[in-house]
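Below, subunit A partners subunit B and then partners subunit C, in two separate complexes.
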Partner chain A sequence: MRRRFRDRYDMEGFLFLAPALTLLVLSIAFPLFRVIQRSFQEYSAQVGAFQYVGLKQYQHLFSDPLFWISVRNTFIFTIGSIALHLGFAYPIALLLNARWPNVKIRNFFRGAFILPFLFSPPAAALLWGLLFRPLGPLNYGLSKLGVGQIAFLGDSSWALFSVMLVNSWVYFPLYMILILGGLQSIPKIFYDAARVDGANWIQRFIYVTLPQMRTLVMTVILIDFATSFIHFDLVWTMTKGGPLRSTYLISFFLYEKGLRNFRLGYGSAVGVVIALIMAICISVYVFVAIRREEAAV
Partner chain B sequence: MRSHRQRIKHLLLYASTTLITLAVLFPVIFGFFTSFKPNPETFTYPPKLMPQSWTIKSYTSVLSQQRYLRYFLNGYLISISSTLLCVFLGALAGYGLSRFRLPAKRSLMLAILALQMFPGAILMISYFNLSRALGLYDTYLALILIDTTFALSLVIWLLKSYFDSIPVSLEEAALVDGCSRSRALLSIVAPLARAGFIGTGVFAFIRAWNEFMFALILTKGPERAPVTVGLAELFGQYSIQWNGVMALTVVATFPLLIVFIFVQRYIIKGITSGAVK
Partner chain C sequence: MNRKLAKVLAVGLVLALFVGATLGVGYAKTKLVWAEWWDPEWGEDTVEWIIDTFEEAHPDVEVKAFFAPHDSYSDKLLTLCQAGDCPDIMGMEVTWSDAFNRLGLLADLGPLAASASDEFNSQFSPAWIINYKGRAIMAYLYTNSYGIIYNVKLLEEAGVEPPTDWEELREVLTTLYDPVAKKWGIALPFAMKSSCHFMLYDFWTRLIQAGGHMVDENGLARFDSPAGVRTLEYWKSLLDENLVYPGTVKGALATGEKEFRELFAAEQVAMILSGPFEKGVALERNPDIQVAFTPPFEDCTSGYLLTGSGVAISSQTEHPELAWAFFEHLVSYEVATKMIEERSLTWANTAALGAPELAEDPMLGPYSEMVSNSASRSWIALPSLGDLCGVIMEHAQQYFLGLKPAQQALDEAAEEWNAIVTAGK
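== the complex of A and B ==
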């Protein structure tokens, strides 16, 4: 038995994996374990140590109205960001995937579209902060169109949309590259066949491109959900959750309760609940996606 | 007739793409020109795109401040170290996954990929406490390790698929000739995988250079904090000097631009060949 195991596997390979796995375990698995542990505890000043309190932190969390505000904002932000990312990335990827007479020019444009991604979230926040100013170019443009001034970040009915816009601007290039890669891997022969059958470009898009791209777009949505749901950097730089908590995301709730108010047990419970919400959403999504995929086949 | 239609089509393609590019890049263009304006000009209304009188004073004044130079130094130290560490660990792991028959390899690879979707932010409290307990709070090492951790899973995947594309026969020949595994990796596979290293390295560098949240939590001031923290504290300041701020933004993004221009090919190839599978 032992012989066979040895014959089948080269355990030497784990030597190559060991350093990376060690780092991942130490820096993810162990801290995760600590967060889960802490979420059932509370610091007691009398004892001077953390004590087990069962589900108290969780009960407290679910009756905290600010938590529900942050959950609501986070869902709006996540869904809006996914829609805007795809809305920017897909058409631009299609444009770059068209037949360009000169590949060098196409590559130049592709590079230009990736540029926003190079700006760090705070840098992008500053670029847009300049545009969003009351007397900045965007408001000037709006006044030319006869629309009144908009306080993009100062008005609670606009702020969430404004930060979503900036978030889409920074990250759409990533999704554009992924979608472009997908478009380029669709076999040319499918299009030729469609052409022979007399399909025009709209029909080719609907009957060849869209179905061929479905799995990839589903994956993009999944990745985007996992990143946007826990988003912190850009929105924190721009609004810190204001005005009137209109851009207050769940990661801000985590940060403020856990590290600003130093309620470590409470903050840990927030972290666990975030992970659970995400796990549930992703499972449902994957389950539904697989179901539909099977139905389509 | 046909070529005429073709020409119009191409013209439309160029024109529409140019327009969209200009619209998308408008924030960058406006910010770039603002960095060359003298301060009073940043407040004129209606706002003008181009400076009336060009000046590089904002650059010289930003770059002569000790505080900002320190941010840049920190940023470079953290990003370069974590890039090297990440590519090193990722190459070893990717090679191990590509070349060895391992038990539960599929599950292991899926777990590594799933890590890419792991919400790292929920660990912030743990990281804060642990860094305090281990004496790593406000040190480069804490940020280097965290930046490496969160770029590593994708780097492993990308390099694994890169190694997969290099024929095994070359190493087998070397192994038969009595070459050791590590020797084969170093002198046969590594040179062939150079493009993969560059692509994933740039990815890791961009991530580390642009990382903000953990830098905010785990540092306490300009001594150890990278550029992103320096930029973020400028936002929403009452007496903001927009030309100086834009100069700083330009300078902070410039290294990435240079790196990117030189290795664009590798990144796009790396991302599209590895991630879309």
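== the complex of A and C ==
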């Protein structure tokens, strides 16, 4: 048995992996364990130490209406951001991947579309804060078109969409680059074969591009989900969750309860719940995506 | 010969390095870190001048300023302190002090004050030291109240006198309101991102004037009163009459501190409700602006909210005596005179505040009347201040938008407020 194990695995390889694995365990597993442990504890100022409180933090969390508001907003924000990111990134990547009459102009646009990604989130928040002002340039343009003044960040029915839009503006170049890279890696021979079969450009897109890009798009959605779900800086700078908590995200809840109010046990419980929600969502998504891919094959 | 010369040079170089290093060790300066948010209010030059004058008197000390903007200051500082890297001396607001004190981050100033210099004892009132739960946790650098500050030129151009009460303020705003030219008399930061400004400045000040109390001695809500309703109704009436920039309720709910300061400094609005430090902020952006406080208002009472900003010494500091010496420098006659004259701040130095010309100062003149009024109230240390501000702002916004009556908004806010305060204790 021992021999067979040695035959199957290169034991020396494990030795070489050991430092990296130790580092991983120390940097991921240990903090994770501590957060889970803390979520069952409460800091007692009288004793000066953490004390075990059972499920109290979770009971408190699930009965807090603000938590559920933040969960709802976060899902809307995440799904909306993914849709907007792909909505901007995919068509632009297709456009930039197409044959242009002048390569220099195409390359110029490839550079130009990356520009928003160079803005730090607070800088983008300040820029869009100016544009969104009630008497700012956007509202001026809208008034010239006969549309009334829109309080982009002051109207609870607009605010979440407005911050999603800014989030999409800042981050779509990242996804555009990833998709463009994927498009460029599709073998040209597939398109040539499709052309020989008489496929027009829509059919080539549906039967060649989309299937070839499926895995990459799935990865892009996963990355986007993971980053949007715990998004903080941009929206915090723009609205701090207002008006009427309409842009209050789960990361704000964690920050305010756990860090600003020093309720580390409660904050840890929030962290654990966030991790669980993300793990469940990602698992379901990956499971469904793999099943679909298998069915397609 | 050449080898000898090389040897001599080498020995000389080694000696020089040794002597240099030894001298360097001998003259290593003690570092003192001062955390502050005052760069935009006092100007970076003033902050540097304060440090330079201290270092001149203490050549063996090097003071390093750690700046963070006011709205993110306490969060950043708390993170630093929890990492064991607390600045030696920290700018501090009374409203934040509970959070720092609970974590044991504030040194007791009592023993340090007991051995203070004679000059300090003769010029610093003990009333400027904040005692909390039996310990002296911070001391004021300057005290102030919040009131209506106006742009002198804009009011003169409009031909109106500064208002003397809240209804006159409404009249002045009506005069200044020009929907065609898109001009408003006042901007108020009613956005969630400025919830503490709304609670401390706009709501609390107006509440005292309406004859109400914000909290009881335990920090529990008392604002859910007829005076609280009167307060919210007043602000809503200004919003409904389109008298507040930008003329719509929803627009006002997007206006934060940053925007209202820019609008005031750019002379796009003539008035704001804030403290005397706004003069410094406005001057940094517009050196030609002339600002003044209106005469103290009177509604049901003529009281104001008495506040201030100060410093605390970290319990983590290795140099508490030096940190105290720096504090003594901050409230010295030299610094106080400069801050009073240039920044119109009522600096915590009795000798400097005693100057008779202060009564003529357009920013400081009305202050003594505000402070001496028996109806004026001091703010107190409150736990989880950010949450409390958010509660007041959220329910006020719901009322401003007509989603619920004022009394219901205040009742619900009071319930949430009390839950937070009770949990915080």
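By our rule, the second predicted complex is superposed on the first by the 264 of 297 C-alpha atoms of A that agree within 3 Å, B and C clash if a C-alpha of one lies under 4 Å from a C-alpha of the other, contacts with A are read in each partner's own complex, and residues count from 1 in each chain.
As a convention for this text, a residue touches a chain if its C-beta (ideal position, glycine included) is under 8 Å from a C-beta of that chain, and two chains touch if they have at least 3 such contacts.
Please read these numbers as outputs of a predicted model, since none were measured by experiment.
J.: Look at where subunit B and subunit C land on subunit A after superposing the complexes, then choose clash or fit.
T.: clash
J.: Contact-wise, after the overlay, does A:L222 reach subunit B, subunit C, both or neither (first, second, both, neither)?
T.: Only subunit B is touched by A:L222; subunit C is not.
J.: Based on the superposed arrangement, let me know which partner A:G182 touches: subunit B (first), subunit C (second), both, or neither?
T.: first
J.: Which of the two, subunit B or subunit C, is in touch with more residues of subunit A?
T.: Of the two chains, more subunit A residues are contacted by B.
J.: Now for A:F14: first (subunit B), second (subunit C), both, or neither, which partner does it touch?
T.: Touch status of A:F14: first partner only.
J.: Which partner chains sit in contact with A:Q149 here, subunit B, subunit C, both or neither? Use first/second/both/neither.
T.: A:Q149 sits against subunit C, while subunit B stays out of touch.
J.: Which partner does A:L135 reach: the first (subunit B), the second (subunit C), both, or neither?
T.: both
J.: Give one of first, second, both or neither to describe whether A:L259 is in contact with subunit B, with subunit C, with both, or with none.
T.: A:L259 sits against subunit B and subunit C alike.
J.: Using the superposition on chain A described above, determine whether A:P116 touches subunit B (first), subunit C (second), both, or neither.
T.: Once the two structures are laid over each other on A, A:P116 reaches subunit B alone.
J.: Could you name the one stretch of subunit C listed in 74-82, 146-154 or 326-334 that collides with subunit B in the superposition?
T.: Clashes occur only in 74-82.
J.: Touching subunit B in one complex and subunit C in the other: list those residues of subunit A.
T.: Comparing the two interfaces on subunit A, one with subunit B and one with subunit C, the shared residues are 135, 238, 259.
J.: How about subunit A: which of its residues touch subunit C in the complex?
T.: Answer in residue numbers: 45, 132-135, 149, 151-155, 238-245, 256, 259-262.
J.: So in the complex, the part of subunit B that touches subunit A is made up of which residues?
T.: Residues of subunit B touching subunit A: 10, 13-14, 16-17, 20-21, 24-28, 30-31, 34, 43, 45-47, 49, 89-90, 92-93, 95-97, 99-103, 108, 112, 115-130, 145-146, 148-149, 152-153, 156, 181, 206, 209-213, 216-217, 227-229, 231-232, 234-236, 242, 245-246, 249, 252-253, 256-257, 260-261, 264, 268, 271-273, 275-276.
J.: In the complex formed with subunit B, which residues of subunit A make contact?
T.: 5, 8-17, 19-21, 23-24, 27-28, 31-32, 34-35, 38, 88, 92, 95-96, 98, 100-101, 105, 107, 109-131, 135-137, 140, 169, 177-178, 180-182, 184-185, 216, 219, 222-223, 226, 229-230, 232-233, 236-238, 251, 254-255, 258-259, 264, 267-268, 270-272, 274-275, 278, 282
J.: Residue numbers of subunit C touching subunit A in their complex, please.
T.: 75, 78-79, 99, 102-103, 182, 191-193, 195, 246-248, 250-255, 259, 383-384, 386-387, 390, 393-394, 397-398, 401, 403, 424
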